[in-house]
Every structure is written in C-alpha cells, then in structure tokens.
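Letters A, B, C, D and E mark the chains in the order given here, with residues in each chain numbered from 1 onward.
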C-alpha cells in the first residue's frame, strides 16, 4: 500500500505537482499523463531527488520523505530512470551487485541473488559483459534485475518501454508482471505506451498539469472522457 | 526572486564593509584611501583577465589558460618594436595583433580537435599551448629588466589621496565598457546566441545549423583582442615579464569564478573586490604575509555560496 | 689589442688528461642566472688555450637547475656523485645552494660560487661566493644612505622568502638600530603580480628612505609604481646590486635619473683596472657575443680565475684529487683583484663571506656615476667575519 | 566479481614489469643522477595515481594533487626535524594528515562537479602555493614553521634504505602498495559505487550508494597517496622547496595523467615519466630550458588530440585488447 | 530531387556497424526504417547527417555529392536530422533553442518559421523562457523536433519520433508528418510503433545487423506480417526469440 498525500512541488514559478493524492494497493500500478504533467517529478519526490513543498508519502506505514535518497534505497525503494543509468565501465553483474553492496550479507549470498535475478530477466548468459557493450533492451533488462535484488518493497519504472519494439515491450511487460511473485514488491510504472499500461497495471493515476485528473481501475480510467481529451486524443491509438 | 537578489547585494555590501572596517580599524582615512584605490587598480586587471576568459568560455566552452601567454607575447613584441623605434601607436597595436593571432591559431587549429572532450580537459590542454607560447617568448627574449610606457602614464588625477594615472582609468573604464558591450552582444545579437549555443553543446549546434567556424572565429577573435589589451595594460602597469603575465591567469580565474563563469558584471565586481581585499590585507600585521591568497579563498567561498542548496543528480545534465 | 692573460699564460693549448670542474646555474622562467658560468667557461677556455693547469685542460661542465629544486639536486648528483669533478666554480642560482649544501659537505667538494642570493650560500661549510649577495649589499646601501643622505628610518622592500628577503632586510634593520635609527621591512610575495601594496606599506611605515631589495624586474615595477604616485622626492631611493645592470638606466626612465643610489659589489665598469680589462678581453676572445657583460659575469670570471690560480699553485700530482683540491681552496687567503675591494679568502669556518666592501653608484642617464669609492660595510652581522679575518690574518 | 579479484590485467602486467625494472635494473645501472630522477618519478607516479583514479573512476578532477604532496612533504619534514621517530611512522602520519586535507577538499565536491570542481581545487592549489612560498618547508629551525637560514638539518631516511639505490627500491615498493590499494578498492564495493557515481549521482543514490561517504573516501585516498608521495619526495631530497608545488604543477600532473591514460596503471607510469624523466633527459641532452617547454607543450597537445584514451590506451589498442571503449568513454565522461 | 545513399558503410574501430546500405529518399514521400534494437537505425541517421564518419559509400543530395561533408553543410543542403534521445541545448531557453536552430534563415524568415513551429507545438510556446534542460522528457523531444523544423528542411530524418511523447502528441505528429509530405518534404522515419509508421509510410526499409533485409513498399509489409518478421529476425529468429519471448 503506497499512500501519496497531498504532494505539492514548485520549481520557481512552475507548479509541477499540486496537491496530488493517491493510494496504490495493487501489485502493479501505472502513472500516465501528458508530457510535462509531473509524472517524473512525482517519482523524483518518492525517491528523494526532488523535495516536495508539502505532502507525505507512506508505504506500509513508513514515512519515506524523512529518509535521504540512499537510505530509501536501503529501505527497499528501487527506481529506473527515463534515461537509463547503467554504468558503462561495470559488468552487468556488477551493475546489479552494486544495489546490494551495502547489505550485511555474506558475499556468496549476494552473488547468488544477483545471479538469480539475472536469470529471471534472461541476462545470465551476458553477466560478464560491460555496460558499454549493451544495447538498449539489454540495458533495460539489467535495470529490471537491478531493481529486483535486495528485497525491494517498492519499485518504480520511468518509461521502461520507450524505444523498445513491440515484441520487446511484450517481454518487458511479462517481466514486470512477475516481479510481485518473485520479490513481493509493489511496482509503479510510468509509460506512454497505453497498451503496455492497460495490460500490466491494475489501476492507474492520471496527471495533467500537475493535478490528478483520474485515478482507479485502469480500463475505466482509460475510458474516462477527461483522460481521452487530455491524454489519449479522440480516437484510440492502438487497440 | 528579486527580493532575494536584493538581499544578496545587501549581504555583499555588508560583508565588504565589515572586511574593510576590520582591516582598516584605527588607520587614518588617507591610508585607507590609498590602499582602496590601489586595490581597485589591480582588481580591474583581474577583472579584465577574467572577463576575457568568461567571454570565450561562454562562447566556446573553453576556459583558456593561454590568454596570459598570448598577452605576454604581444607585450614583448610591443617592447621590441619600441626598441627599434617604431611609431608607438603601431607598437601598441602590434600587441593586440600578436595576441589575436596567437589566440586565433589555437582556436582555429587546435580547439576544434578537442571539441568533444570535457571542459576540464579542454581547459588543461590550453595550458600546453601556454607553455609553447611562454617557451618561445622566453627563448626569443632572454631574461632582462624591461619596461614599456604609455603616454597616459604621465597624466593623472587625484582620488582618495592617491594619484591615479589615466592608464589606470582606461583599464577601469575599459573593463566596464567591455562588460556592457559584450553583455549586449551576447544577449541581443544572433552571433551572440550562436556563441551561447555552441558553448552549450557544440555537436548539437553544428547539427541544427549553427555556423560553427564563423562563430568560433569571432569568439576566439574577441578573446584574443582582450588578451592583447590585457597583456599590454598589465605590462605597462605591473610588470613586463612573460612568466608573470602568463600566470596572471590563475588569479583572473578567481575573478571569473566570482561570476560563475557566466555573468560578466559579477566578474567585474568580483575582480574589483578581490583587488581591494587583497590590497587592504596589507594593513593586517598577521595576514599581510599571505595577502596573495585572497583571490583563491574568495573564489572558493563564492563558488560554495553559489552552490549552496543544490544537489547533484544527473551528471553533466544539470 | 693585446691578448688576455689566463692561467699559466703559455700560449700553448693544454693536452693532458682533462680536469673536470662543474658549475650549476639557474636559467628558466623567473630569471637567468647563467652569466657567471658563461664567464667562467670563457675563462677556462682561455686557460686551456694557455697551457691549462699544469698542462691539463679544464673540462668545465655546466648544468641548469631551471629554478627547480629537484633538477638542482639532480645536477649536483650528476656533477658531484656521478663524475669526479674536483670542484664547482661559478655557480649562480636562487635555489641550488639550499638544496645541495648538504651534498657538497658530504662529498667534501668546494663550491666557488659567483651568483649567490640566499643565506645557505654564505652560512654553510663548502660554499664560498665572489659576489656579496643581498645582505652585505643591502647593508652597504643602507650605510651610505645613513651616512650621506641622512637616512634615519629605512623601509626595506624584500621578497617574502626567509632565506633571502627576510634574512637580508633584517640585517638592514639591525644595522640601522646599531646606528640609532630604525628600520622596517615590507615583504613582497614573489608570486603576487602587484607590487603596489608593498610599496604603499613601505610608504606608510614612516620611513625616509626606501631600499628596494629585489631582482631587477621587480625593482623596476616598484619604481614604476612609485613614479605613478610621484613619490620620488619624498624619499631617498637606494638598492643593492641587482639594479646595477646596464639595461636598468634605460628601463627606469628619465624620471629616476640622478635619484636612485645603488650599491655595486664589484668594481663599476668605469674603474676599469687591469683585471677588469683582462675580463673584457677574455669575454671578447672566448665568450659568446650575446653572453652578458655584467656584474655576475665579473664574479664568474673572478671565481674561475681564483680557482685557476689556486690549482696552479698546487702540486701537479694533486690537481685531479678532489680532497686535495678542496684542501687547497680552503687554504686560499688574500687573493686580490682590482674588481674586488677586499682580498678573497676561504678558510675553514662553516660560513664564508669574503666580499663585504663595495662601491656606491647613482643611476644617471645612460649609465652609473660613482658616488663613493670602495668602503667596508660596518654592521653587527660582520663581526664574526671580521674576527675570522683577523684570526686568519687577511685583514 | 569475486572471481576477477586477483586477475591481473595487461595494463597491470605492464605496470608490474615497469616496477620490476625500476626495482631491479635502474638501481643496478644508473648513476646518482638517474637514481634521483627515477625516485622523483616514482613519487609523482604515486601522486598521479591518485588524480588518475579520481578522474577515471569517479569523473572528478582534482587540480590540487601536487599541492597535497607539498602538505605531505611539509608534515614529513616537520616530524623529521621535531621528533626522532622512524621514517615509516612519519610517512604514515604525513599520509594521514594529507588524507584529512583531502577530506576538506571533498566538501565542495559534494555539491560541485566538472569544471567547477576542478576550479575549486585549483583555487586550493593556488592557496597552498602561496602558503608554501611564504612559510617555506621546515629545515630544522625552531618553532612551528621550523625554518632557519643556513644549511638544513639532516633528514633521517628509512633504516632499510640509507643509500640512493635502496631508497629507489623502497619508493617503488611503496608505489606498488599504493597502486594495489587503489586496485583493491576498484574491484570491491567502493569501485562499483564510484562507477555509478561517475555515471550519475542520481543513479548512485537510487542504488543505495552513500555518495557523501564514497566521494569523501575517494578524496581521502587520493590525498593519502599524495601525502605519502610528498613524504617520499622529502626523503629523497632531504628538503623541499616551494617551487616544486606550484598550482601550475598540479594542473600539469593532471594533464599528463590524461595524456598517459588515466584508466591504466601504465598511463600513470607514463605520466610520471613525462613529468620527471623527460625534462631530465632534455636537460641532459642540453636542450635549452625554454625550448623544452615548447617541446613539452607541443607533445602534450599532440597527445591530448590524437590519443583519446591516452598513450597507454594507444599501446593497449596496438595489442588489440581494446574494443570500443571510446564510445563508452565519450558517453560517460562528457560533461 | 532525392537524397540518395549508396553502398554506405560505417565502422567503429574494427567493427562494421552499417554495410552496403542503399537508400533513396524522395521528396514528398515517407520512408519508414524498421529494425530491432542495435540494428543500426540510429547510426544510419547520424551517418547521413554527417555526424558519424562514413568509411565507404556515398551520400548524394539532389545529385550533389555530400559524402564526408560536415553536419553544417548537410543541414544547409536541406537535410535536417533529429537524433535519438531528445537532445536540446540545455542551458538555453526554449526560445533561444529555436532561434539558434534558425541560424540559416534571414531575420524575417526566422520569425515566420518560429511562429509556425510554435503553432505546431503550443506546449513550447507556453514555456519560451524556460531553460530547455529543465523540461520534461517529452517536452524536450518536442523541442528537438522543433529544431529540425526551424531549418525548413527538404528532407527530414527523425529517429524514434514518438519516444517519450504522450499518445495525443504522437497522433498530432503523425498527422503533421503527412502534411510534410504534402509540402514536398522527404521524411525518413524511425518509430517504435511499427504499425503506426507503416500506416503513413510509402516505403519501408528493414535493417538487421547493419544491412538492409527488406526494401520496398510499406503497404506490402502491412499485408504480409511474416515478411516483416523474417526481415526483422532472419535466420536468427530462434535465438533472438529466446530473449524477446515472441
């Protein structure tokens, strides 16, 4: 259960988020909205890269806003970035391992977990490859493995499907759907691929100009005329 | 927004007053005036050096450590021509021309090949060029006491008990003039816009059709002229020694930092304040020995002040 | 024009096994201290063309420390440890002596320097210099100002370097106090571009005389700043030897002509005694045309000459033996030249300052005018030196 | 990865071979001149390793390294003349004190990056230059600053390395220890954290990396190496002079680290060689000091332009081990 | 009037990234370039735009040889490229970004084109003074497209056009691309939503492993999806499928 309470963010004169509230209870939920609606900003508030002017964020009773960003990661928060951030001079294995380096566990246990997650996303055979030698999809997969290690409680993906082909997006969706079974974590996904969102998310939040314009079961929300007008356009894009 | 700016200015004024007050406590007004005016004079040279660097940095993304060396080459040429009895205005012009050519040579031949590297490496590479220039200059002109003089050195006005020569006034007025002129140029003209876009991302600018070569030539040209003028003034007012003129860039960088490598007005104010504080430190028996440390300490503090509250997130993208 | 006189003066080129002699100068960005080794090299060439040292030519090897302490140490390692140099002659540097004093003592090699600027050069066991260095020259200038110009309070503008500016300015203050006057120092950081503050500090110290204890370039800058303030007539302006350089009168400009008094530690050019004339002949015959003919060149010539005379007086069998040569150099006593006011000696002490008498000149248009002939400096600092000289019997 | 922990890279082999050469061959054949040159070069290699790893692994540029060497050297001389502790203890204390100076430098690094960070460190170097020039290095005098006129008091070299030959070997050993220290860090958790910080701080924070800790740590290690290098240099010469520690020397050391190839051990060795051995060679060949400046400057520009991964990178490429680091470098190193 | 690429080859070090690529871009037609990740689509755009050095082959614009020309010259010849990853001048305002991109236009033309661009992207007009680096990903993509529009190109190469853009905007852009066609602009379109791209494209090219596996009418690929699959995955289909999970 993630509770977002009345979050407001301002950049100088721009109000990027104004009083947004929502509580996500499903394993996989979505956040959608037009460009510049404040989706990434919301994710940044949750992960601590942007300080909210007011509001609170709770997950299973824990107030996240009181923790510094890296402590949130220790606590169990994971996120990927709109522009992925895989370290070029580390191997795939190390890129994932770094996420649990701080954990007080024997090295062998940590290594086993990394291997398990790489296996899950299908990167085990490329574990030794350097970040710089990966293509876009391999980077995404590595990102997912990285988000899954170390008993995460909340995972957030920012446009994970961007630039992927239809088949790759399909596979990505399957992987995200399996996260809850694998780790027990709740997942939030931002994407502009409405098909992906409607397939994997049970409910979704829609933002526009920093305000919540709809929230609820994903198909119902997508059928909402307000959402159609602000985000989808009058005719359906892909069916 | 505006309120906090006003607050910053007030804070600055209060700090300056405090520093000057503390250092000058109990000293006669005339002495204070002397050191203050002397500080302004050096400060305007720091500022002029800093302005030259910032102009080029804003237009090309290169922080040029070799501008001092180019100025030194120019100043030595002027001295040589004067020795040969060349008509003085021609000799002074030669200083600017030599510095211009030396700077353009780097800007046209070498800088483009380094364009893809990060700012620090670009800056450091210019030190290599400075060494080349300095080596050549010291090879051509063996170490010897030299000086050059301008006719304006003999004319003077009195200010705060200090005799100020017209040359110093020229430097002071020129630095203000350059700040205003360049500010207008960068902010108002299309060439200025192209310079700013090149400095931001050269590859992308080339891709979207910004005329790279022409724009960079203008930018390096302006910086070369400024380097030559600064070198000439420095040689006249401070010392005609290639090494000293060359390494004058380091305190000039301090002035440039005060303007965040961006705001020319702040570079000017920073340079002048550094000069004044450095000069006033002479009045403190404990601190006078480390006077020259002032530019570095001030610049470091100013930079930290600017960055307060910021948080690093995405490398190179903020 | 007749031939220069060098060494044994046989007119025969020397052909025996060379005797290795080293020399270190500093020539790089901040300044060129190579005049002394250039002159020494010319003199040794002349010696080699005139029978050498007991028929053996001098192989003079010069290293450049480039004002870099590590290179200075390396130069000494090369000349002292890697080669069997019997002595070092004509050294001129701002840093070499500080770095290498211990090396020289350890290797027991004597250094007959010619361009010394720092305390280590005068207060260590194995270095002896022909030039005076800043301290005596300063005191000499101050003494003149006190005696002739009525100076009661001298501000010494020195470099902010303990073994140079502070060391030599302190001696001026001590001297003034010994004469019932006062003094102060205003220190200039060598890295700082601006000289004005140091000048203003001196001006506001209440002094009546300003002593510019700086290398020529910085001294010019200070004079220029003083000219800007039109301070000429409010103070006496005095300076040690660095301002005694033929390009200075031109560079300071007309404003200062007749107003700056400079101490000359060797005989000014117009004295032109036999040794001075011989020096010119050696330079013309054996040095490069562009090598400077300045006071350091005179000092280098003198060091080389005194060294050669000492070697010629030795048993020919011993001249290749460093220990014997060092011994002979230490025994030098009372060598004379019209270039120097006093006698040259070395001795066994762990300090050496044979040259502490000089001339006073005034900058005039186109050159210098002698205002005081040879005079001994008189200051507390020289007491132990005079005592040593009495003991050695060179006075 | 664990299985790679003790793996020796080709660059590592090159470094070890060079160390063996410096350890075995040079002391045996070189005269005092070259012993002193190579001892200096080794000291600067250690310092350069600090700059190079900060640049290659974290993407942070420190232009204070030679200044920090000065701090280490100062402390070393101060301890030597004040107390009569063994060389090693003095060396460790010098390293630790300098490490703390490194931490002070890390403060601005928490908020600054790229050119700005480089410039703050340059300002620090400028400040240190003035302090050294003003107060000089202790040479056995009284008081805190310990400066006297006249000859310097003797310096006690390590008990094991009294002769110049032994001292060179000693230095090379310490340098190897320094290299191993960095390499161990690089292959363990700090190395991974640093790689991520270099990629972007946001990514590092999201991965749970304590940025303050790891950045400070890196500056501390770099300072430690600089301090030890300064202490060793003091031991080589017996005294130090401010001229060695100018701000421009720090800039030059960084430039040479880039020219040598900051990612490689060999690059660090090349940097130190260019910094100390080349000038000595030119000087030995009688090249005019001014002209060596020109040669040096031109060589530096040439290498920066033609060898994007440094000379070591080129050598590496020559042996065909390198694939396409360039593209990755560009992406990650750009600011 | 065509943009013609013949036997183009691009190498990075000793690896061949593109080889033997023949491509013809007619004015007034849309060509879709398809291919899996790493097929070399982005490299193709960069090579034509003059950013990546071409190791063999030629690029002709309207008959004139532009092989090896710099990005500026190619831009002046009327070819505008929008590289992948919404690249903008981060420290300049939105308005300055667009004005800088209009460097080749006269003052009057500049103002007019600027107005057109703002009309296409009202989102940009709303934030003229905002620093481009602070904009959201999608807003930056709009600005990147705006850059290209500011040069009034005859040929437009767009890499990952819809990357990060909301569906509403994507639709608007698709319409816009078809209007470009009417304005006699030749468009090369790389697009993750293949169906959409093929729906508006005249021609289609499929790349795999840096070489062309299909080149022909777009409609044909729509009608015969297996043709697309085989060009896409070729004989590697089994191996690739393992990762992609089709």
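Everything that follows uses one rule, which is that a residue touches a chain if its C-beta (ideal position, glycine included) is under 8 Å from a C-beta of that chain, and two chains touch if they have at least 3 such contacts.
A quick note: this is a predicted structure, and the numbers were derived from the prediction, not measured.
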{"item": "Chain labels contacting chain B and also chain C", "value": "D"}
{"item": "Taking each chain's C-alpha mean as its centre, the one farthest from chain E", "value": "C"}
{"item": "Of C-D and B-D, pair with higher C-beta contact tally", "value": "B-D"}
{"item": "Whole-Å gap between the CA centroids of chain A and chain E", "value": "28"}
{"item": "Chain D and chain E: spacing of chain centres that average the CA atoms, whole Å", "value": "47"}
{"item": "Inter-chain centre distance, chain A versus chain D - centres from mean C-alpha coordinates, in Å", "value": "42"}
{"item": "Multi-partner residues of chain E (each touching 2 or more other chains)", "value": "none"}
{"item": "Where chain B touches two or more other chains, by residue", "value": "134, 138, 247, 251, 289, 292, 311, 313-314, 317"}
{"item": "Overlap residues in chain A, where contacts from two or more other chains coincide", "value": "49, 83"}
{"item": "Residue ranges of chain B touching chain C (in the complex, touch as defined)", "value": "31, 34-35, 38-39, 41-42, 45, 134, 138, 142-147, 149, 153, 156, 162-163, 165, 168, 234, 238-244, 247-248, 251, 275, 278-279, 282, 288-289, 291-292"}
{"item": "Residues on chain E engaged by chain B in the complex (per definition of touch)", "value": "49, 51, 70-72, 75-76, 80-81, 83, 87-92, 96-97, 99-104, 133, 147-148, 150-151"}
{"item": "Touching residues (chain side chain C, partner chain D) in the complex", "value": "27-28, 63-64, 66-71, 73-74, 77-78, 80-82, 95, 98-99, 101-102, 105, 119-120, 123-125, 160-163, 167, 189-191, 351"}
{"item": "Complex contact set, residues of chain E against chain A", "value": "36-38, 84-85, 123, 130, 134-139, 141-142, 160, 162-172, 192-196, 242-246"}
{"item": "Of chain D, residues touching chain A in the complex", "value": "1-2, 57, 189, 192-193, 195-196, 198-200, 202-211, 323-325, 327-329, 331-332"}
